[in-house]
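Note that the chains are named A, B and C in the order they appear, and that numbering of residues resets to 1 at the start of each chain.
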Amino acid sequence: MSTILKVEALRVAIGALTPLSSVSFSLEKGETLGLVGESGSGKSLTAMAIMGLLPLIGGRITGGSVVFDGSDLTALPEPAYRKLRGGRIGLITQNPMTSLDPLKKVGSQIDVVARLHLGLDKSAARNRTVELLGELRIPEPASIYHLYPHQLSGGMKQRIVIAMALAADPDLLIADEPTTALDVTVQAQIIRLLSDLIRDRGLSMVLITHDMSVVAQACDKVVVMYAGTAVEYGTVAAIFDDPRHPYTKALIGCIPRGLAGAQRLKGIEGTVPSVAHYPQGCRFHPRCPRAEAICAAVSPPFIASRDGAAACHFAGAVG
Amino acid sequence: MNALAQSGVGRAFTTPLGLFSGGYILILLVVALTAPWITPFDVTIQDLANSNAAPGWPHLMGTDEFGRDVLSRVMYGARTSLSVSATAIGFSMIVGMALGAAAGYFGGLFERAVMTVVDLTWSFPDILIALMLVAIIGPGLSSTMFAIAVAYLAQFTRLTRAQIVQLKRETFIEATINLGATPAHILSRHLLPNAVAPVIVVGMLAIGDGIILEATLGFFGLGAQPPTPSWGAMMSSGTAQLFLAPWVIIFPGLVVAVTVIAINLFGDALIRALDIRERLRGT
Amino acid sequence: MIIKYTLQRLLMLIPVSLSISVVIFLVVHLLPGDPIDNLMRVGSSPEDRLAMTVKYGLDRTLVEQYLLWIRSILSGDFGEAIVLRRPVSALIWQNLPYSLTLGALAFAFSSIVGMIAGTVSAVAKNPVVEQVVKAFILLGSTVPSFWLALLMILLFSVTLGWFPVSGAKTWTALVLPVLTIGFGGIALVARVTRVALVEIARQDFVTLLHAKGLSRSTILFRHLLPHAFLPVVTILALRIGWILGGAVTVEFVFGRPGLGSLLIRALGQRDYPVVQGCLLMLALAVMLGTLIGDVAQAALDPRVREATT
């Protein structure tokens, strides 16, 4: 297996603030990696950083590296980056309601990707789009092609967004909360669709979500993020069997288990601190049930465990 | 509410643009109020030996065809132009708020009737409405005021109605209605106080538009009648001397432009200070 | 689909036009002063006066006068100008081309330059450019148009001698009036374009356009500007009346023939039929403007098209 994406000690600044720091992970070809955390934890910022789109929101990378297929993207000039975006890395965004240009037919919005990156002409691109829509289990793709976004349901629109991301046969998908804005039943369909695509096309994917059950369903590896930094990473099996960071434990506690595990669903007390008010030491300590004096003073190093590591002073301790 | 508005007005002075524009407006107000006592020359005394004198000493802005000092007349004109516009807009604002509040509160046929008429006048250029009205009542300052008031009525009615309609949906108002409060009580105690800040800011901006309209009507010879100096009337009589004594037109127009710009800038600062940009949308 | 929509909108104009005609009729008849006074020579007999009153239908009830007026207007007859003693329709036809030319040129000029200025100020992340355009926008909406017209005459006609001072004999006489009306229009269009562009650029789908690898210029021209067109078209259509209103002042200052000059002259002479005719034409222009704006919006935006048909 070879590494398709390696993020190391990534640090992002917006103005004078540093909303993202010390995020590291690596993704092998064919794998799906889950980036998990509450909103405000820096997941989407990580996605924007990989896509090279930070300037859009006034941000920039101030440290670390993003290595895609062997080359460091942090130093990549814009024209070369444009070839990667849409061409080798596809992005799926959170809200399909606002992700499509309302004035253009959905078909042409997909076509443009293949025309731009694969050099197809108009009719070839159209055929390819219709074929792709069929592959995404869209009924009557040829007529959907001519519709405008407002004529489609949320789930359909999200399939169009997925089609845009796939249109140029990328190697890597970045899916930023692809199901959050959808109905529960549609959520499951989209997640299954994505998983199948990854398997069938040999794609790799970074799946951003706040939902641990989605991770359990679709991912091979997980990075848990909190307040702009990674707090634990590991394989899905390791994280679910033996979470080391109290925050990870709390997140897993949030998954409803149906009747079988009829214990009370636990929420996490408090809210994620804002960028301007990140606490000293371990950023989770104000909300942490295990916090001790050291947590407020020293920021914890990663302590390796089976198939992963956790940034908690007590990650080595049992229980 | 009052305290909020006051603190907002204070804050509007804290930006450089807000300070300059607000300062200019204050100075202009002082000049307008004290004009009869502080003008360097008498505004009506003619000095034919000195007619059409170019700007210099002692006539900083030159003199007109009758040798009257342009600077003094511009200062005195501030009195006329500001009071005409402010009175007219004040009147327009009160009537517009009443109409808009009633339309927004009671809805139904009354609202539709009011809004149909309002939308009709809204789509007509204000200068045309004003010209028509002045033609009906005859030229003069009072008909100018009336024309300005009517021309901007639609704006205040629309804005107030929009505010009231929005406020009516808020829970605390619904609760008050359900408790059986009378419409007069709800309107005067709850709705209008909450709707008043944006209307006042728009009113202030409209004073600028009113000054332009007054100047335009005056320019057509339909506003202030000689020898009363108003900015518009000065420019009207100046057209005959356009090539001989352009300063008679340039300076009053310049003061109109600068004043309106200052009012706009200060209005902007006020909008920012009161944080009501959102509420002014869509009107 | 667009044709059907247009026809629907045209049908809806009928009741609106009727109510506008009533308003105009009433307003004009509230004008004090008896136009017959203007016609009578000193010493004419009461019988002459009566004959005149009957001739112009001023002895009938208001309702009768209104119905007669509407009937004749529908047959293209706007009545006879009382003071100018010519058919009103002839006066309107004679003046209309001047106003149309001026209006159309000013409209085109201000929309093109305004959109460019607005786009430049929104896209150039350069604070100096932004401030200059902003200042220009502020000037354009605050400087009285008649004063600007006078300054233009002073500078370009008197001092530089580039253009004629007044009249409408040569095409060069159009330049200054178009610039004067356009100045305010540019400011308006630039402001709307700027606000629209800044707002659209913040939307999610723009992020995704970047993520597809499209270049900044493709995104601007193919996706952002079409969105900015929507509010600009609406505002421009609504402002057709305002451009005509601006034309009133500007025609007067430049001594150009046109509906505006005709209206002002007729107002001064209390010439009812001419005032009615001019107001009706201006109202028609305002309504057509709104119609064009709505149709253009439907043509540009599939959502509007769907919601209204």
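Following the convention adopted for this analysis, a residue touches a chain if its C-beta (ideal position, glycine included) is under 8 Å from a C-beta of that chain, and two chains touch if they have at least 3 such contacts.
Nothing here was measured: the structure is a model prediction, and the numbers come from that model.
Engineer: So which chains are sitting against subunit B and subunit C at once?
Structural biologist: Both subunit B and subunit C are touched by no common chain, going by the contact rule given at the top.
Engineer: Measuring between mean CA coordinates, which chain is farthest from subunit B?
Structural biologist: A
Engineer: Calculate how many whole Å lie between the centre of subunit B and the centre of subunit C, each centre taken as the average of the chain's C-alpha atoms.
Structural biologist: Centre-to-centre distance between subunit B and subunit C: 23 Å.
Engineer: Distance-wise, how many Å sit between the C-alpha centres of subunit A and subunit B, to the nearest whole number?
Structural biologist: 55
Engineer: Taking the mean of the CA coordinates per chain, how far is subunit A from subunit C in Å?
Structural biologist: 53
Engineer: Please output the residues of subunit B touching subunit C within their complex, sorted ascending.
Structural biologist: Answer in residue numbers: 116, 120, 123-128, 131-132, 135-138, 208, 212, 215-216, 219-220, 235, 239, 242-243, 246, 249-250, 253, 256-257, 260-261, 264-265.
Engineer: Given the complex with subunit B, which residues does subunit C contribute to the contact?
Structural biologist: 19-20, 23, 27, 30-32, 138-139, 141-147, 150-151, 153-154, 158, 238, 241-242, 244-246, 248-249, 252, 263-264, 267-268, 270, 275, 279, 282-283, 286-287, 290
Engineer: For subunit C, which residues are in contact with subunit A within the complex?
Structural biologist: Touching subunit A from subunit C are residues 203-215, 223, 226-227, 300-303, 306.
Engineer: Which residues, counting only subunit A, touch subunit C once they are in their complex?
Structural biologist: 51, 53, 56, 82-87, 90-91, 93-95, 98-104, 112-113, 116-117, 148, 150-151, 161, 164-165
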